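Here it is: the structure, laid out below.
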Amino acid sequence: MDILTQQLFNGLTIGSVYSLVALGLTLVYGILHIPNFAHGALYMLGAYITLTLMLLWGVHYWIAMAVSVLVVGLLGVIMDRLVFHPLRNAPPIHDKIAAIGILLFLEAFAQLIWGADYRTMETPYGQVIDLFGMTATMQRVLINIGAIVVMILLFLFLKKTYIGSTIIAMAQNREGAHLVGINTNKVAMLTFMISGGLAAIAASLSAPINLVFPGMGHLVILKAFVIIILGGMGSVPGAILGGYILGFTESLGATYLSNDYKDIIAFLMLVVILSIKPKGLFSREGF
Amino acid sequence: MLIETKKLTKTFGGLVAVNEVDFTIEKGKINAIIGPNGAGKSTFFNLLSGSYSPTSGRIFYKGKDITKLPPNKIARLGVARTFQTTNLFEQSTVLDNVIVGHRLRTESNLLDAVLRTKRFKREEEKCRDKAMEVLDFVGLTHVRDQLAGSITQEEKKRVAFALALATDPEIVFLDEPTAGINPGETEGLADLMEKMVEQQITVCLIEHKMKMIMALADKIMVLNYGEKIAEGTAEEIMNNQAVIEAYLGGDASA
Amino acid sequence: MLELSRVSVDYGGFTAVEQVDITVEEGELVVLLGSNGAGKSTIFNAISGLQKTSSGIILFEETPIQGAAPDKIVQSGIVQCAEDRKLFPQMTVRENLIMGAYIHRRKRKQVNRSLEEVLELFPILHEKRENAAGSLSGGQQQMLAIGRALMSKPKLMLLDEPSIGLAPLIVEQMFEVIQKINQDGTTVLLAEQNAFAALKIANRGYVFESGSIVVQGSSEELLANDTVRRAYIGA
Amino acid sequence: GCIDNPSNEAASESGNESETGTEAPEVEEGEEVVNIGYSGPLSGPAAYYGERTLNGLTMAVEEINDNGGFEVDGQTYKFNVVALDDKYLPNETAANAKRLLQENQTPIIFSPHSGGIKAMQVFNEKENFLIGAYTSEPAATEAGNELTVRIPPSYDGYLEPFTKYAMENHGEKLAALPTASQYGKDWTEALVPYWKEQGGEVVYNSSIDFSKDTDFFTLVTNALKEEPDVLFIGGPSEPTAKVAKQARELGFEGGFIVMDQAKLDEMKSVTGSYEDLEGSVGVTPLINSDYPGTAEFVEKYKEEHGQNPGSEAGYHYVAMYTFMEAMKAAGSVDDPEAIRAHMQEGLDALPEDKQVYTIEEIGENGGFTTNLRIAAVEDGGVVTINVE
Amino acid sequence: MGSLLKKRGWIIGFILAAILFPFVSQNEYFLHILTLAFIWMIAVYGLNLLAGYTGYLSLAHAGFFAIGAYTLGLLTVKAGLNYWIALVLACFLTSAIGAVVGLVALRTREHFFAIYTLCVGYIIYLVIDKWDSLTGGVRGLIGIPAPTNIGPISFQTPLSQYYLILFFLLFTVLVMYRIIHSLTGRTFIAIRNSEDLAQTIGISTMKNKLLVFVISTFFAGLAGALYASFIRFIGPDIGYITIIFDLLTYLLVGGIGTLAGPIVGTFLIVTVSQSLQFLQDYRMLIFGPLLTLLIIFYPRGIVGAYHDWRMKSLAKKKQQLNRKQTYVHTQSTETEKKIKEG
């Protein structure tokens, strides 16, 4: 097999997951200027909910995922109402710490309900396929396609619908949004809903190729932060591109530079980029 | 000749905000810059004070080229400024706002602070005295213990003046010092500017209030689309056809 | 149309507006005069729901609106054009204007028509329609803010110091525009420091001092009033 | 748990209640309580591991208490496990140890991670308590700490039979891709030279960090690039199984050497069947082991926890019984030095039915030596391999 | 004047309580917890100077803490250096690395700075974790000596270590107090309030920010080095992000930008989280929400809340005297105090 194409495909797959997670993060950041550290916990819950539905009631994968999207989205909304809404006038550090509190809680909660051990999510798409000389499972192909479809839908939603542009408007001036008659609370909730939903999609798509466990959010959240910074915080295209850049850096870095140091390479890349462009690659104009 | 610019230009992307402006500021005078919105006045100020670096052209201060200097170095040379949107340390008291203003004239460093050296004590005293002096000058001694965020708009403008004066400047740039101030208070601020000139401090200001400018300024420059379209005394400007068309309009009473 | 009775607003322990009564009839252009910190913006924010009142009643078309959410108030037909403009800086001029018509979002045609009208009213905005709002100069932004407010076809428009920081020529134009808007059927409540120009186009006026109304009357009366002349128009 | 691993046929909802610490024992007239300390990760990403180790301890203790406790010098005692969470952080372990000593006068403190063990070794001799060290790191005892008992066997013994089996059945090209933990590294450092000594070739040597890598495909692809015959994998069972499965997906047809931390039976629950693991060699899963006490323990553990026990639970169970026997032999429940001195007698006195593992002896410097059992997956089932 | 006396009173009270504690209780566990808390406090003070007074929230400080710890560890264990020399070198090496990082990192602002430093911290962690041959990798570093004797004073017992670390903590507090109440401190606050304005009044913001960054890494390094010699075993996890989150929590709960905040917050959280041990698995279930609620209801931390409360009662009195002037904040008393201090 051709190692380069194979690794490019692998990078694309990881990149897709990263992008989806980072998108949810960047949306919330754009609107409320909250670096939501609890986003990783939403990701984790997304996987558990899908898994539970599949195992407990034998619900089909896609339906389970849809329910998970709803539930995690709602959870995001609850989080907004209970925690971030009351904190909307506090300085930004507070949101970070409050989010960490939520993170600790949700992880402990997951451990209580589902136990601390690793779980496997079976997928109906486990078959191995051969794609132009590359090996992949159907699930991996699904991750890539699914991610791209979700991104296109999100983009259309933001750019082409009025409701979508309220999110952008509010990201730029909250009071201005008030003045044109936008219910900013609703927009905030909607954003959290989408953000949670994206996390659930990302988790449900990627869980079958990895494992489900209470700490799984840690795997992606730190990288998602790297990505949204890389892309310019609050920028949607930035999050998407950043996700893929990181995915490729990891897969190619592990192959051609060093496996052990591949994370260092990825983080160093960010440090270098930020040293040159202190506001990230894509500023907010591109929203 | 205190400040001189030569072909000063600043572009933002494709937009030429300031276009090859030659300008001189004379010592001990009140110089004014007027022009329509978006003409590039604030940008011009930002160039002079070092907040923006020019795309091309040069700036001289007392004959010395300061084009490439950062804002803090320019401030040390004796150039002070205020911002169009009043920019103060909102969370500190008025007095505290002004005390740091004199920091650039002090030497004491961290070690002095930790060891509480003589120099430290002397300079703390010096900054406080300076602050009291300039607050007295602008007439704000009575609000010195209030938070800067909580005083009136006019008082804020005065604090901004005081802060600029605390740096011991030779020249101050004032960006619309009386915007959003009623006519009665505007006069008070105009008096203050005259008082500065009496103290040998050169003043350069941006304003839209023609009545005040005409009464106050020794010399006026008019910018339009980044270009200098006229320069001269109040009277010359009032009667300059280009200026009337671009800026003043028929009735200049506003 | 709009009726404030005994409205007070507190910031923490500090009363910024105290027991204020204001009425605006349909089709009128009413001006609020007052020096800095008199409480004009506070009253405006109270009307448009951005600031909670501590007591008093605000009636709009006979229904009480105090305490309602800002978006509800916009829907009922009151739009504020705020002092610091509150534009969406990274959106283009056109997108800003379209967002202004948010409450009419289902009526596509009407939105497009309003857009054309506004762009016609402010040619400079037409010229800059694809530029980001944040890159406009102060005066241009002010026009955009008014344009955006117009997009929602308000019954009552609150204009907070629209002439602040504008060049004389533009100020003149601005007042002409305001007058035109008023003549086209929008009721206007205007806060101004520029008393002379404002009173020239207004029907009536109120004068604020430290959070209460000290003088009120028709424009002519106020223009003739000595104290007003001295404090707000200059000797 | 609310959803159970598909492998756990004997699912029950017992969940976590009994997993952390025992209920304070019912003490009757004249009985006394001996507190046993435990400090391990009970929250956070490593919690599953901490809980399993603790389960072994508490099972032993509950059994002992239910049977009326034990007698030393004519006095009846019961055990009480005091478990504290240290989130895997050494400084928390040290603080916990201080607390256990101060508030519970524990003569023995168990800890299942080497960082915590090392942090306690700084003061355990001075403050006089025994460390029940669950780490295979030889340094834990080699440094000469007098009051440390290392519970699990060291991995040296596996090198030879694993290598032999893999070379005979699959070939001489080895790619190493174990977990990035210290244990995994130690293993690799021992295996790689040995493999070469036996005439093999190591074509790839790296590791996977299960707590940081989102997807193993990239690494497995690289490991398979040189077309190895044998893949050395290891770490917690479930992710290790994922690695094996993904290697199969990528077309790998050789065999696996499975580091002893992973258990073939637990791996099966991830891969679904033994098919993907065909040709693997690893330690005999506890459930497939035939030590005298194994069957009973497995049965009981399943009943209580709804899943098969792993070796960490088994070893802690045996260790607890051994400590009790050593206390009896020493004639003291609170003299760590005496207890340590009588550990061998304790091992010898261990009743057969408690021998979940048969531990022959305690080494010079405090490490248990266990009889090794290894197994391979052949024709879709686990077969035990005899080690000479 | 009253407020100043009160403040002094608090500080003296704290010092006395800390000194006398071991005479009251011989509980070694408490002693251990307190000593460890003191170490955290030193690190939190470093963070506070940077985040609280210049507004730059560094998430790399766990990394600097680890650098301090590892430097001390390596110099004593591998190079066999005298403990005290190693301690000094550890602090200075940490600051030197801090200076390099700061030079680049301080070009970014706000969240960018926070996440940038988060990445730097993570890189430091990864380097420690991967550089086996130097740091021992995941295995960690054992055999770090306790502080060696100074003349007749020995630091082998927990009690003597307690006093040693208390001494360093008091030193830290003193330095912080003096920095904050000086022109230099004002300069930092000016930067926090508005960098642009600070620049135009002649303050070199970069130089000052860098200075603060370096000082704050110095204290992180000091805390790390003390940690190494107290626990005497270090692994890479002391540089992991969880540590910086812990430090931040201590700071925020105590009150960011206040002098007493680090002590109050650290003490409170450490005790609370210790006393929640009995909840075992459920610990985080309680602790997480508790933390979130604290942040929601006391956004300025315990100390900030106390200030606010005092302000309010003061303001009420004032309002009775003078209705017009009211809008008061905490800082106004802080500055009152500064003025009186002269």
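Residue numbering begins at 1 within each chain, and the chains themselves are lettered A, B, C, D and E in the order written.
By our rule, contacts are C-beta pairs under 8 Å (C-beta built on N, C-alpha and C of every residue); 3 or more make two chains touch, one makes a residue touch a chain.
Since this is a predicted model, take the numbers as computed values, not measurements.
K.L.:
With chain centres set to the mean of the C-alpha atoms, which chain is at the far end from subunit C?
P.N.:
Ranked by distance of C-alpha centres from subunit C, the top chain is D.
K.L.:
Using the touch rule from the top, work out which pair, D-E or B-E, shares more C-beta pairs.
P.N.:
Result of the comparison of D-E and B-E: B-E.
K.L.:
Determine, using the mean of C-alpha atoms as each chain's centre, which chain is farthest from subunit A.
P.N.:
The most distant chain relative to subunit A turns out to be B.
K.L.:
Measuring from the mean C-alpha position of subunit A to the mean C-alpha position of subunit D, what distance in angstrom results?
P.N.:
Computed value for the inter-centroid distance: 35 Å.
K.L.:
Please compute the C-alpha centroid of subunit B, do the same for subunit D, then give the distance between them in whole Å.
P.N.:
74
K.L.:
Counting in whole Å, what is the centre-to-centre distance of subunit B and subunit C, each centre being its mean C-alpha position?
P.N.:
Distance between chain centres, rounded to whole Å: 31 Å.
K.L.:
Starting from the mean Cα coordinates of subunit A and subunit B, work out the distance between those two points in Å.
P.N.:
48
K.L.:
Residues of subunit E touching 2+ other chains?
P.N.:
281, 283-284, 327
K.L.:
Hey, what residues on subunit B touch two or more of the other chains?
P.N.:
There are none in subunit B.
K.L.:
Give me the residues of subunit D that touch two or more other chains.
P.N.:
Counting only residues that touch two or more other chains, subunit D contributes 16, 43, 47, 180.
K.L.:
Mind listing the subunit A positions that touch subunit E in their complex?
P.N.:
Contacts found on subunit A: 29, 33, 35, 83, 86-87, 90-94, 96-98, 100-109, 111-112, 222, 225-226, 229, 233, 260-261, 263-264, 267-268, 270-271, 274-275, 278-280.
K.L.:
In the complex of these two chains, what residues of subunit E are touching subunit B?
P.N.:
The contact residues of subunit E facing subunit B are 175, 178-179, 182-187, 189-190, 193-194, 196-205, 211, 215, 325, 327-329, 331-332, 335-336, 338-339, 342.
K.L.:
Residues of subunit A touching subunit C in their complex?
P.N.:
162, 165-166, 168-169, 172-173, 175-185, 284-285, 287
K.L.:
Give every residue of subunit D touching subunit E within the complex, in rising order.
P.N.:
16, 19-21, 42-43, 47, 83-85, 87-91, 94-96, 98-99, 101-103, 114-115, 118-119, 121-122, 127, 137, 139, 143, 180-182, 185
K.L.:
Subunit B touches which residues of subunit C in the complex?
P.N.:
35-37, 135-140, 142, 161, 164-172, 193-197, 230-234
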